[in-house]
Amino acid sequence: MTEQDAGAILSAPLIIEYPFKRTTGPVIGAFLTGLREQVLVGSKAADGRVIVPPAEFDPVSGEDLTELVEVGPAGEITTWAWVTHPHEKHPLDQPFAWALIKPDGADTPMLGAVAADGIDALATGARVTPVWAEEREGHINDLTHWVLEAEGGAA
Amino acid sequence: MPPEISLPASLQDVEQVRSVRTPARLDYEFTAGEASSRFLKGITQKKIIGQRATPESRVYVPPRGADPELGATTPIEVEVAQVGTVTSFCMVNVAFYGSVMELPYTSALILLDGADLSIMHLIQEIPADEVRIGMRVEAVWRDDADIEPTLESIKWFRPNGEPDDPNVRIPGEDHGTGLGSWVGGVAPTEALIRNPRTGEGGQA
Amino acid sequence: MRDIAIISFAQTPAQRAVKEQNEVEMLMPAIHGALGQVDMTIDDIGFTCSGSTDYLAGVGFSFVSTLDGVGPWPPIQESHVEMDGAWALYEAWVKLQLGELDTALVYSYAKSSPGDLPMVLTRQLDPITVAPLWPDTVSLAALQARALLDSGRYTEEHFAEVAARSRKSALDNPNAQLAWDRPASDVLAEEYHVAPLRKSDCAPITDGAACIILAAGDVARSKVERPAWIRGIDHRVEPIHLGLRDLTVSESTRIAAEKAGVADGAVDVAEIHAPFSHQELILRDAIGLGEDVDVNPSGGALSGNPMMTAGLIRVGEVANRISNGTANRGVAHATSGPCLQQNLVTVLEGEN
Amino acid sequence: MTWSDIDAVVIGKAPDFFEGVMMPELFLADALGATGKPMFRVHTAGSVGGSTAIVASQLIQAGLHERVLTVAFEKQSESEAMWALSLPIPFTPPLHAGAGGYFAPHIRSYIRRSKAPDHVGMLVALKDRQNGIKNPYAHLHEHDISFDSIKESMMLWDPIRYAETCPSSDGACALVLGSEKVADDAMAEGRQPAWIQGTAMRSEPTLSAERDTVLPLGGALCAADVYKQAGITNPRKDVDAVEMYVPFSWFEPMWLENLGFAEPGEGWKMTEAGATAMDGDLPVNMSGGVLCTNPIGASGMLRFGEIAMQVRGTAGEHQVDGVRRGVGHAYGGGSQFFAMWVVGSEKP
């Protein structure tokens, strides 16, 4: 190969796509069942904390966690990040906030997308409530996103 | 067995979710790299061009970027023949993802004349149960208009009419038989193998 | 413990996208560079260990074909971790502790450019409750940054100072991908990327490779004038769920630093694997570094962040500064997982 | 023993595309009881279960830890293993037809070189499937398996029949490795440990002109290394039982030769004579082996764990009497990555 050909490097699209069907196990299964029923479920850890989404194993001791309790569904933002240019794979296509949300009665927050008019509408400690999909199948996307309570969420 | 779970009242009488579909797709742009791109350019000209690291080292077809014995790039190009010898083969009766071949088909390891490592490719134009180790075969190219930078531009290999090679061997197979065993009281050592970097070793 | 030192380190220049080469082609200059510096070949190496992951370039068994780059013939003693190369170095260090072998070659590499890296990395998250939301790495880091601001310990000005200092330091690093000299106020003037993070608070996407050679005791002394001795090395992990951790601290780093013995002596230099500016602040606190420590003189991950390799490069950068006499004792840190989930700390020292 | 007794966790599995989770040990950290501890992830293709256990043992041998949990798993059902192994890569024709298509020509070469009769592969399959019936943890329990049913099963990748092929399994395996003191304590409490007498790993390139894919040098050197550590000079005599990685039946005679139990070209004669049966002089794959259970990432560790059970005398129905020393073997990639250990009932 001569020098002037040196740029002729081949490239092509490579797509990795799987339909993944995952077995949930009873704990995560209960969490997804809850989403289908518009209920949030957490698990009680050995130290009494309520963890949501429920942990199958205690994050400190590693023991099985088996006691599931209802939490929320409304809750409080513990931290957040404002996305100006949503990615096509993100849950919302308008600028939105990712937030860690601690449902009422839970001791740990869970990740969610919060719809809001702008970055100024968000604050740590703000109250949010879930928006549910009309058709639910027991999937994390059954909870499509969260909205600020002041913006019309049914508290 | 999973432990017994205690559910909140609101979920005790509803059917539990047991599985969930989480389809995922990731898009990449794959780069063939220098060695493969040079090789595949040859293919678009219906040439099979192997590569080697040094004038003495092995000729690799297709080259993958490194001579795996030397751990070195393979800048030297060597056009190899489009005929070769079947060193082993397998008749495939099972469909698999990405497969476009009609079943059954024969995929074979073919040592092209002038190359030091067999390529895997299809054998056609002969009944599948007549394919033999040692059989001499030649490349059959697609129509010129359909030639692309892939080994699939060679549709398959077919018998070229030459008599079988009775001395066919897999490259490297002498190492296996030269190993000896503990049954014979000789443990294998690296010394049995020629070190391609130093030229040392290799007595059988 | 047996005395093990880093005697050689080579890396490829950090680049946004190495489009001309496949992985083994990109990797070989690092391997050849590290061997060449100490006039060794693979025949002189007792154990080889590498770090990489299939997801970055989307090719399964990526490490199988890149092994060709070392020329593993006759067959070699070898292993691979699906982790940053810093952990491959840990495995090699353990192997040399057994006393049978005296040398080890450690390499790692990544092509992050073929895919959409922040989205590819979402595949590390809980596959049922988190990954289907596709929360990209920058957004997760921004959640951590906001929590740190809310803690009142640091401000966005502190983030900007880390961002500016790192890129200025990188001007002296020929392998850096991003290097510039602008004041922190310029960084603060940038629009938010994912608030509260700005583009300059984030590491670039990088392709690259690195290689380190370890040697024990007298073998190390025979090869180089001033080996960089590994005085301590430890790594720890935390739960992946962000809600289960206090994101404003790094407990796993704290434990690793303690076990590695960071506090046993003065630290001259530290290379911290912080892909986001605020993470350097969290990590400095967790490791227990004082104000006088020269942090990330290479420019750190903010100036070039080849996945699976940036941690190993931190070790190499500290080793170089010890070997060339500019430092006597240093700390290198590597991280993995979302928001500093898993961390490794090693302490390196010159011969006194 | 509880989670708090464990000092570190070493986990292994094969490619992450199988489950669609990148570096899944990160997401599994608390399930592994690893919070606040060192956790390490090994990936050496199919040999990974073996190499993971070896890396774990070295953490103890180096004096770093007293008790290490080592785990390996694969959940092939989450995706489809054949897909994950045959991802269509641009410019690369899909000619292999999966692992069977890759290994079948090597098996044909073995048969030609050794002049082994056709029925040897079927004898291995019959033996392993019958052994698997005795193992409650085996994936396949084929109570009506017979030589004829194997012979009549479909020829998938000639010369590999369907019944001579491993299944696609979900599964996991975990071992707790302890220091000399931990094992002494177990002995004192009447629990027989399996003493690790040697460990070894070797790698060679997939596609190199120098290598012999039928009797890979890496496998032989790996065996030579581990035997030397364990003081084995005549493996056929000094080893009581073997769990080896046999995903396609013909690999039993091939590995018998590669691991020095038979002269090159003679391994099939051991199989044919029944030497590798439960009641033979060198029982091989008492558990039913990979031919009955193949959760890829765990398959190597299962070999290592099964042989430890034999030495400890805890293998239940598939226990062979009087196993004082055994070999666990795993291989991966294109017969290029090897991991082996020798365990024994006696302290080395």
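When the chains are written out, they are named A, B, C and D in that same order, and each has its own residue count from 1.
Simple rule for what comes next: a contact is a pair of C-beta atoms (placed from the backbone, for glycine too) under 8 Å apart; a residue touches a chain by one contact, two chains touch by 3 or more.
Every value quoted in this text rests on a predicted model; they were computed, and no experiment measured them.
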item: Comparison of B-C and C-D by number of C-beta pairs in contact, larger one; value: C-D
item: Distance between chain centroids, defined by C-alpha means - chain B, chain C (Å); value: 35
item: For chain C paired with chain D, centre-to-centre distance based on mean C-alpha positions, whole Å; value: 33
item: Distance between chain centroids, defined by C-alpha means - chain A, chain C (Å); value: 29
item: Geometric centre distance via CA averages, chain D-chain B, whole Å; value: 24
item: Sequence positions of chain D contacting 2 or more other chains; value: 17, 20, 30, 35, 80, 83, 87, 89-91, 205-206, 208, 210-211, 216-217, 221
item: Residue list for chain A, restricted to those that touch at least two other chains; value: 9-14, 16, 18-24, 32, 55, 59, 139
item: Where chain B touches two or more other chains, by residue; value: 20, 22, 24, 26-34, 36, 40, 64, 68-69, 149, 190, 193, 196
item: Contact graph of the chains (line, ring, star, complete, other); value: complete
item: Interface residues, chain A side, partner chain C - complex; value: 7, 9, 11, 14, 16, 20, 22, 24, 28, 31-32, 51-53, 55, 59, 78-84, 87, 89-91, 98-100, 102, 108-113, 119, 124, 139-141
item: Contacting residues of chain D [partner chain A, same complex]; value: 3-4, 17, 20, 30-33, 35, 77-80, 83, 87, 89-91
item: Chain A-touching residues of chain B, taken from the complex the two chains share; value: 2-11, 14-34, 36-38, 40-41, 77, 149
item: Contact set on chain C toward chain B in their complex; value: 18-25, 28, 31-32, 41-43, 55, 57-59, 65, 67-75, 111, 113-116, 119-120, 123, 127-128, 131-132
item: Chain C - residues contacting chain A, complex; value: 19-20, 58-59, 114, 118-119, 126-130, 132-136, 139-140, 142-147, 150, 191-197, 239, 241-244, 247
